[in-house]
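Heads up: the structure comes next, in structure tokens.
Chains: A, B and C, in written order; residue numbering restarts at 1 for each.
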Amino acid sequence: MKNKYHIKLYFASSFMLLFVMLSSCKEKEEKYHSIIDKIEVESKDYHGISTSSDIYLEDLKLIEITEGEHTFLIPERKSKIKSYSCIECHTEPLEKLQNNKKLKEAHWDIKLIHADKNTLNCATCHSGNDMNNLKSLTDRKISFNLSYKLCMQCHSKEFEDWKGGAHGKRLGGWAQPRASNSCVDCHNPHKPGFETRFPSWYNTKTEEERK
Amino acid sequence: MENKKWFSLNLSNRKKQSIISCGCEKTTENCNHNLVKDTEQKDGFEQVFDVKMNRRTAFKKLTASLLIGAGAVSTSCSVITDDDTKEKAQIDWEEQFKGNYKLMTDDEKNATVNRLVRSYELRTGKTISMSSKNAEEDVLFGYAFNISKCKGYMDCVSACVEENNQDRNSQMQYIRIHEMEDGKGLNFAEADDNYYHEVPAKGHFYLGTQCFHCDNPPCVEVCPVKATWKEDDGIVVIDYDWCVGCRYCMAACPYDGRRFNWSNPEIPEEEVNKEQHYLGNRLRKKGVMEKCTFCIQRSRKGKNPACVDACPTGARIFGNLLDPNSTIRWVLENKKVFRLKEDLGTEPKFWYFMD
Amino acid sequence: MKRFKILKSLVIDSIRTTTHGSKKYHLWMAFLTFVMLIGMYCYSIQLKHGLSVTGMSDSVSWGLYISNFTFLVGVAAAAVILVMPTYILKDIDFKQAVLIGEGIAVSALIMCLAFVVADMGGPSVLWHMIPGIGVFNFPNSMLAWDVIALNGYLFINISIPFYILFKLYQGKKPNPKVYIPGALISVFWAVGIHLVTAFLYQGLQARPFWNNALLGPRFLASAFAAGPALIIIVLAIIRTYTAFKIEDKTLKKIALVVTVAAQINLIMLVSELFKEFYAPTHHSESAYYLFFGLHGKTALLPWIWSAISMNVLATIVLSIHKLRNNFKVLFFACALLFIAIWIEKGFGLIVPGFIPGSYGKIVEYTPTGIEIGVTLGIWAMGAFVFTILAKTAIKIETSEMRYKKLDY
């Protein structure tokens, strides 16, 4: 009799334990296997959002470009060039200007550190005949505002990334419309590499901690 | 005031506390103990909650802090002189017993935020703006980091510290930039994440880590009081006032994404970023967790996080994963992306890629 | 109404008992009070300045407090090893020990809770954890499970002995139908608290050192070694200083339990070491740090190696019948085992979990004076609580304290 009572008790407690274990599975709100699946499913009926980066772009001078299937904004360039338009000085052909000792020297500070001499010189991009514009390798006119067209002639991979948004710093906010820096907004075309410098942060506490 | 989830005690109905003093046996008018201006620098939490103390109340506070809420009670029930002090005490009381932000209705969220703004105004005379903006539908934030582009300038780190009101004293930083040697793969153990020399250093590349806002965040699972959760737009946030400081989430995070306030955070008053969000960069107190929130105070308004804006190389890409035309989506679909410790099943929303 | 009267008289009697005693008793209590005061002072400093006064950091975010907590959960769980044979299997050899065991469980649990509170960054908002007014992340968070498990176990371990003592106090026989179900639940519960505490660590994919299936069973094995070892020592002390009679048979039986558990614990240790060092992956780095040091950082080496040698020595001594049956040797071996497991299951388990950090960085951990002060204070509190409980229980069990017996 006593034994039966014990057995019952054991059963009861084991049952309780089992119940607790079964009912305690972690709550899962997500029904997707991975984040990529989730993105795929949830973006199917994407109808746009009210957040926009318009207000952050208001003060910027931008121009809209379309390259392939991508349409986005890039900063206008001409107004940022100090001595634009060029023909204000370049009133006569280059050879004449160079020989004219009365004129002030110009562009003396520009040193071309971009590719090597076999590949590039001033005239690869600038045209002696049309100072107000750039020129492509095949002597076609390229506006200073669209200078990326010049860069893409060699840097085609970067151009692809830039169009898609993997290259080139974003302006304004993350929302549409998209505005991205053009090549020359980050890279000096005459010296496109980034400078080395000291980092703007150093943590002395971390250093101490790890001693 | 109906349907409140926090407990409130209407202390302003008390009538008798009009005269009497702070202990110097003078009436309020002549007592200048309360008038002594605090000239020393105040830290983050004290800027919000510090009640001017003399030695007696300081002692009282110290003992009272052992009891739940007794701090607030002692300030409010003891000799209160002016309406401001009374209001402060009322706010402190409501703050101590307010509910979990996640469970609040929008009205309650608003009331909480307004209370904090008012509290800051009462303590410092300065106005802050604090948002309680909710997640927008059809938004899921994601982040991509270009390892080839990062030059290790750490502009992101300092921008982040300034934007998010992090403790200057312990030099808390959410972002770490790891300087890795070429040819050794992603060798974190040998990488240096606290370098100070000219960068980029020859033969090295740079990789930044921060909170990855996992879609399956282990830190959220383990929190015993639901003080941390994933918002609908994918941002993993903390209710700093609900956190009990057990640091279980810190142990559970495989990415070193969380930080703890080991002591009172200190920020010079003039450096406090006054554009705040309740779940973002508002001032914290000691003993609570904090972390990167993708600058929720900025991103919910459509801005990029401070690190993205500060990066001079464009190595950081942020956007809406649900927008098929967003740049982040283009990166995910067209670049060879990977994430850290993918085998853990945490599903970070932070991808790395190379040119 | 009558019950309240009896209860009142019981409380008065207990207070009388606990405030009266020999000079040695008073000295002991004074000493504990002094240590507790030091602990409280240290804790007040910690409250004022935050946890920055401890040795913990963003890298090693749990330290001495959580280590002691983990260990003490094991000690508390071990009380059950005496409960089951006594109440359910009717093994009367354990009977005298069982109340002492439960007393140890109660004080260990109180210490556990104190350690958890000491480790909290915001003790003033702990009410967020109280179901009903707070928000409880159940069943997702293992810590939420642990809070329930510990408090439930505390309740069981207070109520069963209380019921028995309350009956005995009135000179009645406790009804087995009342306490046996409780004892049964507590058996399951004891295994539960320890497994849940192990799962607290085991469930973290972020920490490979803990994320290992053997952790739970090893917790149990070491708990059933360290807990009864402590009970043996305590019983030996009680036997010497009080009129309470504990037979040699009882001690020997408990010693057998300790021996078996220690042997199993050692086998599991070997299995773990084999896994970590035979085919080391980068997940073995924590174990490397613990046993051999990493990149010249060797803070834990002296601790873990002394723990292992003590553990092995104690297990060998206990395994030899002749030595185990010699009480002096037995007590020594038990003390060794207790300390060894305290190191191994305490910071030998917690600290390496954080080293190296998520990105391979090594920040070592050394507890500060304040941390040690608080820890000692909590241990003193545990001893204090136990002394009070044991003194009352013994007085009732030895029939010295009975309702209406003391007329004053």
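Miscellaneous remarks
Following the convention adopted for this analysis, contacts are C-beta pairs under 8 Å (C-beta built on N, C-alpha and C of every residue); 3 or more make two chains touch, one makes a residue touch a chain.
Note that the structure is a prediction, hence the values are computed from the model and not measured.
When chain centres are taken as C-alpha averages, the shortest distance to the whole-protein C-alpha average belongs to B.
Each chain's centre was taken as the mean of its CA atoms, and the one lying most distant from chain A is C.
Measuring from the averaged C-alpha position of chain A to that of chain C gives a distance of 57 Å. If you average the CA atoms of chain A and of chain B, the two centres end up 28 Å from each other. Centre-to-centre separation between chain B and chain C, using Cα means, comes to 37 Å.
Multi-chain contact residues of chain C, defined as those touching 2 or more other chains: 57, 140, 361. Looking at chain A, residues 26, 210 sit in touch with two or more other chains.
Within chain B, residues 170, 193, 221 each touch two or more of the remaining chains.
For chain A in complex with chain B, the touching residues are 26, 30, 34-36, 38-39, 42-43, 46-53, 55-56, 157-158, 161, 164-170, 172-176, 178, 180-181, 186, 194, 196-207, 210. Against chain A, the residues of chain B that register as touching in their complex are 136-142, 144, 146, 149, 151-155, 157-158, 161, 170-171, 173, 177, 193-200, 215-216, 221, 299-304, 308, 311-314, 317-332, 334-335, 347, 349, 353, 355. Chain A makes touch with chain C in their complex at residues 6, 9-10, 13, 16-17, 23-27, 209-210. Interface residues of chain C, counted against chain A in their complex, comprise 57, 59, 88, 139-140, 145, 180-181, 184-185, 188, 192, 361-363.
Chain contact summary for the complex, chain B toward chain C: residues 62, 65-69, 71, 96, 99-100, 103, 170, 176, 178, 187-191, 193, 209, 218, 221-227, 241-248, 250-256, 259-264, 286-289, 344-346.
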